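Scrolling down, you'll hit the structures one after another.
Below are two complexes that have chain A in common, paired first with chain B and then with chain C.
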Partner chain A sequence: MKSEKKIVKADKKPEEKPAYDVIIIGGGFAGLSAAIYSARYNLKTLVISKQPGGAIINAAHVENYPGYVNISGIELMQKFEEQAKSCGAEILIDDAIGVMKHKEEFKVETEQQKELLSNAIIIATGTDRRKLEVPGAKEYESKGVHYCATCDGAFYKNKVVAVIGGSNSSAHAAMLLSRIAKQVYILYRGEEMRCEPILCTHMEELGNIKMIFNTNVVQVKGTKFLDKIILDRPFDGSVELAVDGLFVEIGSVPSSAIAKQLGVELTQSGEIKVNIQQETNVKGVFAAGDVTNTPLRQGIIAAAQGVKAATSAYKMLTGKKVTGAW
Partner chain B sequence: MVNELNDETFAKNIAKGNVVVDFYADWCGPCQLMKPMFEKLAGEVKNITFFKVNVDKCQKAAQEHDVRSIPTFALFKNGEEIDQISGVISEGDFKKKLKAVFG
Partner chain C sequence: MKSEKKIVKADKKPEEKPAYDVIIIGGGFAGLSAAIYSARYNLKTLVISKQPGGAIINAAHVENYPGYVNISGIELMQKFEEQAKSCGAEILIDDAIGVMKHKEEFKVETEQQKELLSNAIIIATGTDRRKLEVPGAKEYESKGVHYCATCDGAFYKNKVVAVIGGSNSSAHAAMLLSRIAKQVYILYRGEEMRCEPILCTHMEELGNIKMIFNTNVVQVKGTKFLDKIILDRPFDGSVELAVDGLFVEIGSVPSSAIAKQLGVELTQSGEIKVNIQQETNVKGVFAAGDVTNTPLRQGIIAAAQGVKAATSAYKMLTGKKVTGAW
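Then we have the complex of A and B:
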């Protein structure tokens, strides 16, 4: 606490006092929103993040975050960061590689060999993109196999590209690419797209997006760059499809390794199990955003969960209830 | 400050010594994210010269060096391309890579 009301027990030796009330791991929507609230609750707050901004920095246009009609992901997160700092939160760009319970507190170890103590932990580590695991995929990464249409699409002007996946992200990637490439294929293992219906309508209107369903990519091939993909069933009479670029949009996996170290309960797919107050099964450990068993992976949901996590941490640390909170 | 190269000045500037080139674009979020770290390293690391290339303006240099993803950092020793790093990478990992290539 920045105020005189220290939470740390008075009988502790000074060197054992945690430097922070709350350490937040992850600096995306969830982590930075938690930081704004935590700092405003007068808790001494540190955000540790491998990269500032989180997943949304890959989005050139965010059009559904209330308050902004259209803003780039990086610009939006710069505003979050600025606000967190102005409220008094500290931000450390580093990788949290280990977290353990240390007596009553938590000790976080980072890649840059820092050891930091806190009274509560908020895990807001988001997700990692699921990689395509077929022969050739790793070899051609950034040489034809890509994970960010916004970043790499521009290199495929008038070329033929394919997008793997049937979700909103694949639809967004296909639409972006259709304005650059001459032909876009969507390859999806399901029977029909599972994106928002309006996106399917937009894709049809664009005219150069061809959808291939019930089909998996089993290999990617090329010389210096990728030049063809191998399908598990023929399309147009052949299992070989000539493409210059392949954009992979097959979902993501929760970055919950740190939670696991702490004994936090996970779902079968590795998401952190939280209750409505963002509490985990481990006292003092809260979680928010895409890393949790959230019903919807979107910025505004992650931000709101960050706020709830900070509020729960405040309640646990001070015994005080915020007006209007549970 | 990291100096900007273009298609005309590229070859001459990478020809000698240890050089790292950041291929970027203004519209690319991950490129913007890497920029402060790249500029910091340029100020700190003395045995390497750091340059940047805007891929929208210098398509020749990007094509010649097989850049198909941004940001891409190309590592040259006396004009020869030794390695490339693509995407967002932490400062620690970036430094490790530079040390492995340039010592």
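Then we have the complex of A and C:
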């Protein structure tokens, strides 16, 4: 049984020795799962994340991560973080702003001006929120127009709010707001919600969520704060809808700027192209989770992809085959 | 928002109406995750499993399922089962012994002589243990030759045992046995263990596990019970090794007999061929987990595949696109 703690090549000069075997950029489902496995493979592993936990930490209730009947997003991701640390991974709270090929290694630069070297990179940067692009949306951002119900919902106690979008995220935002606001509208361009059916059942039970389909918001208006939105077709006889707050849940765009820098191939919509092993077209660069061309954006899927990415990095760095029984 | 509780076709005669939208065969990581999602999609879902939980329930410690730092296999799978039930899935403790196409539906026959109809089938039957095929192995099965350290390890308190194999399962068996037996040998045909490195570290710390590499067991001998094994090359000057118990961990074979019956395409080694959506070549038949041609046999990977299989079944049955945000 050979020790595998040092897998950097023996013929390197000491000053060139990468500090890490694997640097994982992003600390959500994919990044932290990759860290758990990478560290268990005895690879020296660093996770760089501005906010460990990722997008899910804004979810009050997660009921679809297999293994937990009901848990808050933040609590679930604290468990992931604790597990990654207990396996030996390091976590750096910082933002990776650039990655470049540095001889045979990779150099990661961070916002806090650190320069970190590694033999392999796993990109698990997830997605950024898609912004509402109609007149007034930018002007009223944080003055009535919001992108996070968990963060900003509490301002709207007993007020009237609207949520734009028909996805799971939109449903979760509406359900959260329904317990704070007196009335919640969901505005969606489609004919019916495209969220999980069980969420529609939950929303019906709440009683104060009204869905308006086949409708787009074309303008947001107000004085100091937002006070109404303009629709592209009348609702209740008017294209004007008086709301105190508007929560935008119209999807997300892959956070793939760092990948692009590295020459990683992207899809037309900016997702990182990976194969079934989570390999990109650049040797030593792997990707996992919502930033990739994944068939389904779910936490459990991202976590599994993180595990595959770490396993592929391990195979590349050590030449070992892995056939775990569980 | 349309109700989706009834998705069976309206023009069917009542007596032909399938009782279930989805029948899942197998209740391990893949089967129960599929059940959680299928039920959340408001599909009428049944899991048929001889022993809910699957192979992992014999693991005393699971440390690599993201979300749990350390949990027993049985406890983890109880959580999966509870979650599947809380989402509305039914679980039948029985063995599916045959599945056939029945008009446009599928008919599942069970050991307890039930006949159950569904619109879609998810096969998540996992693997069976590969048997040791050397003279004496069959004769001494359960009389010294065992396939489950968790089940049978306790018979060997302060005795000498050997484990055959170099995988994670082999390492887990050896670690469990090392706390019961006075001496544990690992016999492996390879040059070094191929388990996760962290398990090698754990085994070293235990102190009573001796690894013998490049060695095969060619015969097992005894009187009423096993008392020695014959190696294909000498260890400590002899090809005979005195042991009280032998635990065989030489891998597994996919349990794909039911799939074969249905005309599902298999690989040469008997794994169900699936695409990235977990679809097989037979419309309406999906597969997930260790029974498939998966790139990595890990619980988290099987769970993610179960989710994808359920999502594909939902798409087929309802024509809906699913783009969940988590």
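Operating definition for what follows: the second predicted complex is superposed on the first by the 311 of 326 C-alpha atoms of A that agree within 3 Å, B and C clash if a C-alpha of one lies under 4 Å from a C-alpha of the other, contacts with A are read in each partner's own complex, and residues count from 1 in each chain.
To be clear about the criterion, a residue touches a chain if its C-beta (ideal position, glycine included) is under 8 Å from a C-beta of that chain, and two chains touch if they have at least 3 such contacts.
Values in this document were obtained by computation on a predicted structure and should not be read as measured data.
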| item | value |
| --- | --- |
| Chain B versus chain C as contact partner of A:Ile276, first or second or both or neither | second |
| First, second, both or neither for A:Glu205, with chain B first and chain C second | neither |
| First (chain B), second (chain C), both or neither touched by A:Glu104 | neither |
| Chain B versus chain C as contact partner of A:Gln51, first or second or both or neither | first |
| Partner contacting more residues of chain A (chain B vs chain C) | C |
| Contacts of A:Ala59 with chain B and chain C, given as first, second, both or neither | both |
| Partner chain(s) touched by A:Glu115 [first = chain B, second = chain C, both, neither] | neither |
| First, second, both or neither for A:Asp232, with chain B first and chain C second | neither |
| Contacts on chain A seen with chain B and repeated with chain C across the two complexes | 59, 73 |
| Chain C residues touching chain A - in the complex, by the definition given at the top | 1-2, 4, 29, 32-33, 36-37, 40-42, 55-56, 59, 62-69, 73, 76, 79-80, 82-83, 86-87, 167-169, 172, 192-198, 200-201, 204, 211, 249, 252, 276-277, 295-301, 303-308, 311, 320-326 |
| In the complex, chain B residues that touch chain A | 25, 27-33, 55-56, 66-72, 84, 86-88, 90-92 |
| Residue ranges of chain A touching chain B (in the complex, touch as defined) | 50-53, 57-60, 72-74, 93-95, 111-112, 141-144, 146, 148, 150-152, 154-155, 224-225, 245 |
